[in-house]
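Chain IDs A, B, C, D and E follow the sequence of writing; residue 1 opens each chain.
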Amino acid sequence: MNDIILVNISIITLLLPLFGFGLIIIFSKRFPKLYMAGIGLLIINFFLSVVLLYAKLSNYISQDINFQFTWIDFGNVPVFGNVHIDLGIKIDNITVIMLFVVNLISMLVHIYSLEYMKGDKRFNRYYAYLGIFTFSMIGIVIANNLLMIYIFWELVGLSSYLLIGFWYEKKSAADASKKAFITNRVGDLGMFIGILIVFTTYHTFTFDSIFEQISNGVLPFDSNAWLTATGILIFMGAVGKSAQFPLHVWLPDAMEGPTPVSALIHSATMVAAGVYLSLRIFAMLTADAMLVIAVVGGFTSFLAATIAITQNDIKRVLAYSTVSQLGYMVMAVGVGAFQYAFFHLITHAFFKSNLFLGSGSVIHAMHHEQDMREMGGLRKKMPITYAAFIVSSLAISGIPLTSGFLSKDGLLAGSLAFAHLTGHWLLPTFGFLVALMTAFYMFRLVIMTFHGEPRNKEKYDHAHESPFVMVLPLIVLTTLSLFFWYTPNPVAPEQGWFLSEWVHTPESVVPQETRFDFMKTETEGVTESAVAFSEEYEHAMHWAHIPTLVLSLLLGGLGILFAFLIYHWRKIDPDELAEKLKPAYLFSLNKWYVDEFYEATFISGTLKLSYLLSLFDKYVVDGIVNGTAYVTRVISTISGIFDKYIIDGFVNFTAFLSGLLGLGFRRLQSGRIQTYLVLVIFSLIILLLFFEPF
Amino acid sequence: MDFSSLYDSLALIKPEIIISVTLVLIVVLDLIYDKNKKLVPYLALLGLIVSGIYILSDIANEGFAFKMSATSNKFGLLALDSFGSYFKLLIILTSVLIVFFAKHSVEIENTGKRQGEFYTLLFGMILGMMFMVSASDLIMIYVSMELLSFSSYVLAGFIKLRDRNSEASLKYIIFGGVASGVMLFGISLIYGLTGTTNLYSINAALQSGNINLIVLGFSLLLIVAGIGYKISAVPFHFWTPDVYEGAPISITAFLSVASKAAGFAILIRFIKTAFVTNVDGSGNWLLVPVFDWKTLISVFAILTMTLGNFAALWQDNLKRMLAYSSIAHAGYLLLGVVVFSQIGIEAILIYFAIYMLMNLGSFYIVMLIADKTGSEDIHDYSGLGYVTPFLGVSFAVFLVSLTGLPPTAGFIGKLYLFIALIDAKMTTLAVIAVLNSVVSLYYYIRVLKHMFLTKPNGEVKEIKLSTANVVYVIVLLIPVLVLGIYFSPLVNFAESCLAFLSF
Amino acid sequence: METIGLNHFLVVSAILFSLGIYSVVTRKNAIMVLMGIELILNSANINFVAFSKYGNYGLGGQVTALFVIILAAAEAAIALAIVLNLYKTFTHINIDEIDELNS
Amino acid sequence: MDGFPILTLLTFIPVIGMIIVLAMPGKMEKEIKYVTLLSTAIQVILAVILLSNFDYSAGGIFQKDSFQFIEKYKWIEIFGGSWIGTIKIDYFVGADGLSVPMILLTALISFIATLSSWNINKSVKGYFALFLLLDAAMMGVFVSLNFFLFYIFWELMLLPMYFLIGIWGGPRKEYAAIKFFIYTLVGSVFMLLVMIGLYFSATETLANGSKAFSFDFLVLMDKANYLKDGILSPLNPHNLRFIAYIALFIGFAIKIPMFPFHTWLPDAHVEAPTPISVILAGVLLKMGTYGILRISYPIFPQITNDIAWYIGLFGMINIIYGALVALAQKDFKKLIAYSSVSHMGYVMLGMASLTTTGINGAIFQMFNHGTITAMLFLIVGVVYDRAHTRGLYEFGGLANQMPVYTGFVTVAFFAAIGLPSLSGFVSEALVFVGAFGVDTLRTLTMISALGILLGAAYMLWTLQRVFFGQLPEKWKSLTDIDAREYAMFIPLTIIIIFLGVYPSAMLNIMNTSVNTLVEFLSVNIGNISIGGL
Amino acid sequence: MNLYDIIFYLFAAITIVSAFIVVNAKNIVYAAFSLLFTFFGVSGLYVLLGADFIAIVQVMVYIGGILVLLLFGVMLTHKITSVDIKAGSVQTIPAVIIIGIFAALLIGLMYSTHWAVNPAEIPVTTTKSLGKTLVTEYVLIFELLGILLLVAMIGAATIARRDGDK
């Protein structure tokens, strides 16, 4: 199989969902069952991605496939010569893995929705949107350049917008979709400026070419600081898409969309795209940039976890959990744990979409009830869903034998090693605290939903296990949440093929002086060494391995224990606890008041400003014009009735003067033609005074 | 003066003689046919056309007429040159159009038997103007101007028993009498200073120096006041709106074009003949340094166009609005004077030809509407554009042309004026002028707004036009449109008519 | 007192001129206004004749004066006709009350 | 194509149409409409023929030889004696990469506006006659290479526009029409003065070897043609040239419309009937920026360089200010009008960069704004036709009632937001790329980028207010779009998407010309690298 | 002070004083009669200036023609017995101010200027030479005045004639 075929296949995988989208949009009226085509196309797509995965990993495991073409040609630009903008495809290992994940989950969601969305009046439209989403996501994954990523990035935003607002009759849904799009745009703005800097400096958008030029010492505006800034600015795109603080606010609201959509977009794929982007630009991140990323990620994960603890909406808990886990991944990128970040991205994609689909199953069974306080005891009614939930929850809590354990442990170890090397101990602190909280709130969720007595008897009675098309994806994803797919040894992820063979940390290309010490290479310039980090780092990782293992297990177990203590065995009354810790509780329940803060500052500020400006426009800018018109009118009044007013005024003034001089008041009448003549004489005098060559 | 030179002189003024003969013939014809006045206009036309033909054929025939080498009057009372011929032609053309204008006018028709007098007086005006434009002696200027004025005083009040007519007439004669008296006083001072009233001799006297500049300035101002009154330049314009509004519309139209043209001709000739020592290679006039002409005329120009335009903004009476507009146009025309160069004069010549077309067109349409609806008020124009689209569209063209927008002839007129200004590097004036034309747009477009945009209060009756009416409008309309796109002939002709008789 | 020269005549004419204008702009009665105009013309005439004499400019000045007198007569005739006409329509000739034409 | 007067035909086909319309009795409304449609359709066909014969490698701008479809006829040549010299005005039309996109746009928008005029039923004859005249004038502006000719077309467009707004407009039509008229006239009279000033500053050599003043753009672009003492000569130390530039610029800025000269736009748009809004936003606004690129830039390269930053600044103000004010609007059409202000800011920003990418982006944005905004106004028109109101808060839930319509709306809105894969993105991105590359404009560009965000905000908010949520009872009877409206929307949608995916189709047309322009500027400014890429 | 001077001052005084009365008289008839004296005074000045023919014409035309015409006008437009005959003044104050300034300027100018004076013989009579000048040098104006008078006559007649319009 040669590489051109791989490129072609990837292009086909890209275009098939788009084709499905167009097909459904245009013909949905005539063929109401057209959504089946969408599903069919996705199944084909999935198989193509499997083929790609297999072909790449078996034949080209250490060779990247590049393909590019000229999109815009500026011709012979003065000074710069021939300038053109290229687009292209880069197929490396993480690409095919991502492709596989995206297509798989997308396919599963397609199938799952068949039942979940049944009876919706815009059923066809739904599948069309899923199609365009898949298309955009694949676009991001296979892009070899920033511009193309940006293009598909925005398209992903669009599809997310369409899907969140799918039930646009609900105001909350329409609001959420708008919020998601605009919040994302804030991040994209930074990313866009970052891209602008890159293009201004390197005249290309292609990663390889950019990296090569950086390693050759070409820096944006010739400064390291700008390189850092560029990295951070591009990362801002990831902040938006991956819902990192301070742009995390849209993701919980995005739960207004259909649950399968949440599973696909807002847990597994789109939100992971931010992390994916960070990984793509990993090589050009300076130490400062990485530190910023790590802090953002660490703080986000902590923030989201604290919020997740108190939420009652099943999907919201999962949403904050997603934010938190994304924070983990971002932190992993920041601390240099490239492999673990990607690994966690994959594992998280499976178990989190599993959780979402599971919650969808629950919601479906409960007739679109999402409040956990209305649930309980469902495990008897929905055993498969329950099982899926348990496995996934264990995975997310990092309990051994699950995939989550492997990846989470790795990235916590990475953060610990990083702290060890650089002294930033806050990051692992966040990491471990989050591990504790994650286990707690996940099992809180499981217990509140599936254990105990049903709190809403009526709904409970109607609940039943979901039909096969909904259960099948759960099963598939549950199996994927187990360790054996990734490594033979359930406690040593680094021994697995995933980390040891498939995914490698790329070398940094930034100038030596801007790297962390542990990332500095011995030789200047491009090195042939396959090792991205110094040995020191390997040592630190090794050192961090065991403490992490122990600590995370301990904390995970503790979290689960607490959950059971409070919610299952009722040893501690949660309400009482909430009452005791009321400020903290409320702070968490209200999501740290971030939304309120934004509402009060940026949103209302902008709206107020816009209102003021519109008044300004109406009264001042236009007013000047109208004022000119007004002045013109005044002048014209003056001259238009020049005769009358000026003359009368003149006469009156003289009358006034004469009265003043004691000459007596005399009623003066203005004869018209004669006043004209007086004026003529008057002006003659004036002219005389002016023009006499005295 | 011997008889041979008298013959020479008479040969030079054939067009004027024909006009005088026609005048007399009209009187005679009027006496013969007491009841039927149908023939009079045709006789008038005949006289005008023959006169026009003579002007055209004699356009190259230049010379001084009525000169007497023995006395101070050695340059003659008249200087016949192509500049004068151009204006004569313009006057004749305007007169021809006015004859038709009057023929179509209901108010003139209503004067019945007095139509004979109407044409007699009209010819009095024409004759006055014809002599005015080529007069080269201040006394000649004065007398011909009085001939023009006397006839127009009467014509302004020609429609008897209508308040505004007699009022217009009275105002006109008082203002005119004072203005001409003042001018005469100025002339007398010039006579005292230089010992002559002939413009060429004055020039020579001025160049020889030894002139009391203060008195000269004073007398010039007085003379400018007299001429300024004829061209209705601010501040000598006061009579204009009142008289224009009060006079019969055909006379208003005639005054606004022909009388103004004659006034401009004499202003230019006065300055050019009496004060210009030389014309340099690029056509700029070198003036005798006796007076700050440039500033004076600039001030007049600015005041005139600004006041004219601003005052016109508020006028509801169309005739009055057009009166103010004609004041504004006099201001534009003064811009051509102020540059004191051949190109400026050329611009004036071009502008006048165009101004004649568009102004007469506008007045004619106002007349047609007033004759049918009995109103000149702008509010009574509502909806007229729909019931009589021909009138509406033609009026639109004329008004757009008056504004000076392409592709109408008015634009070419303005273009040449601005060309003259910018060539003379008088950008400030140019800016003021263009801003003025923006202001003018407002009141011109206001008419269109009423005709097309405003909803009429009641039902609007269609204005029925005779074929003659339509033909008349079209005759004016076509050149207004064609000259906007292809103006070479006019410009070439104007260019060939820039010659002044020099010493 | 110096001997009578040109300037004296000119001063008389100037006074006459000013009085004429004064009359024109102040008198209510139209006929009085016309009288003022006649004064103006007379003053100009004095100038012409005086200049003609003192400047030794020939007879041009006198001829002009003659013309002016004739013109004044014609003007008076027309003006009076107009005034009469006005009287017919307005039944008075107070020009300060005749201001129907205004903006 | 040699000898085939395609540009003249493009310009005068509507005039012929107008004459036919005028000759027809007013009662034949249907027929009049078809005549108009036919005229504009022929125009579109001619435009396509023009495109297919267009040589992409020819630069134009200042080189007479590389202009295409040139027609140059002696129009007016007057020997003015020694004092004026020969006055020479040519009928000189030609096309290069700068004008071809605009010609295409004009033809397309006119055609679509004709379709959109179908339900005009008041004084049909007058409407379509004026419409065709307007069409001819617009086309004339884009093909003229002689300042005089340009000016005539420029002014010619005013009067039809006045009547089209004034007669067929909304409740405050008279105010809006006069405001538009006065505003643009103020600008154009200054242009007139500059035109005359330029005319007296440069001469061209005639065939017989004598010199003549010239209105020819190409003559005016060449420094060698200027007279030493010409009033606007670059050789002249007297600095009137700068003032002239500003005057000319204001003339164009009013058309763009640039802050603070923009206030005629919302009024004109709101009051104008839909097709006229479409023309206004689609084509007329481009005349301003086109004029700057065609006239100001090459004729005054040095001043352009000095002033570019300010153009960028005003571009930025337009972007941000327009967007913020749009955000506060309650009237659908006014919102779109302000969005136009914002979007034209991008064009100015791109132009200000003086770089290939920036100017390419600017011209492309001109075209895209033409199509996108035309579509937006059509969208407003559709809903206004049915509901007779444009209040944003009076609607809601139209998405269910009018799904196909909503589909087109979504495309247009997202195109306006600058969503990648739709044409607006590429042009905006190029503008940013171009402007960002210039050191001095960098900060401005970054601030301008906020416009992307604000654009999304007001557009999506509108989408939400009008199309999402619950449908009020009173709009239950609204019908989805009909075949005629399909015919208006589909071509625009296709173009928007096509150019979003394959922008080279348009960019290649202008590329060579833009490079030529940039090179010309850099050579004339004496700064070989005047900016970024 | 010689006789010439005395006569000048006499005539000047007659002219100016009567002119004052003309412009200030309350009664229009008084004003008209004062005007007679003004014209007479001017005529006297003409005599002093050696313009005998002009002086005669002044008396004939002005006093015999114009003044009679004016009086005629007064009679036709006023009922002599009524108060209406009194002609008031308007805007005298501004007029006094402005025309005062103007007059001061003018008189000052006239008085202070040194005019070019070329003393010459005063011809005994000017009538013949005047007549000759009139038909040679100024023949055109002379003829033109003829037409002007015709026009003025017709004009005056047409305006004053009683028959109205349709």
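What we mean here is this: a contact is a pair of C-beta atoms (placed from the backbone, for glycine too) under 8 Å apart; a residue touches a chain by one contact, two chains touch by 3 or more.
This structure is a prediction, so every number in the text was calculated from the model and none was measured.
Think of each touching pair as a link: the shortest run of links from subunit A to subunit B has 1 of them.
Between subunit C and subunit D, the least number of touch steps comes to 2.
Put simply, the chain farthest from subunit A by mean CA position is E. Of all chain pairs, the one linked by the most C-beta contacts is C-E. Separating the centre of subunit B from that of subunit D, both taken as means of CA atoms, is a distance of 43 Å. Distance from the subunit C centre to the subunit E centre is 6 Å, each centre being the mean of its Cα atoms.
Centres computed as Cα averages put subunit A at a distance of 95 Å from subunit C. A straight line joining the Cα centres of subunit A and subunit D is 37 Å long. For subunit C, residues that reach two or more other chains under the stated contact definition are 10, 17, 20-21, 24-26, 28, 33-34, 36, 45, 50-52, 55, 58, 60, 63, 67, 71, 74-75, 78, 81-83, 85, 95-96, 98-99, 102-103. Residue positions 90-91, 95, 99, 102, 105-106, 109, 113, 115-116, 133, 137-138, 141, 145, 148, 152, 155-157, 159 of subunit E are each in touch with at least two other chains. Subunit D has residues 182 in contact with two or more other chains.
Pairs of chains meeting the touch criterion: A-B, A-C, A-D, A-E, B-C, B-D, B-E, C-E.
For subunit D in complex with subunit B, the touching residues are 75-84, 87, 123, 126, 151-152, 155-156, 158-159, 162-163, 166-167, 173-174, 177-178, 181-182, 185-186, 189-190, 192-193, 196-197, 199-200, 231, 240, 243. Subunit A contributes residues 632-633, 635-643, 672-673, 676-677, 679-680, 683-684, 687-688, 690-694 to its touches with subunit B in the complex. On the subunit D side of its complex with subunit A, the touching residues are 179, 182-183, 259-260, 262-264, 266, 321, 324-329, 356-357, 360, 397, 399-400, 407, 414, 419-421, 425-426, 429-430, 432-433, 436-437, 445-446, 449-450, 452-454, 456-457, 460-461, 463-464, 467-470, 503-504, 507-508, 511-512, 515, 518-519, 522, 528-529, 532-533.
Looking at the complex, you find that subunit C touches subunit B at residues 10, 17, 20-21, 24, 30, 33-34, 36-37, 40-41, 43-45, 47-48, 50-52, 55, 57-58, 60-61, 63-64, 67-68, 71, 74-75, 78-79, 81-83, 85-86, 88-90, 95, 98-103. Interface residues of subunit B, counted against subunit A in their complex, comprise 170-171, 174-175, 178-179, 213-214, 217-218, 221-222, 225, 235-236, 238-239, 242, 290-292, 295-296, 299, 306-307, 310-315, 439, 442.
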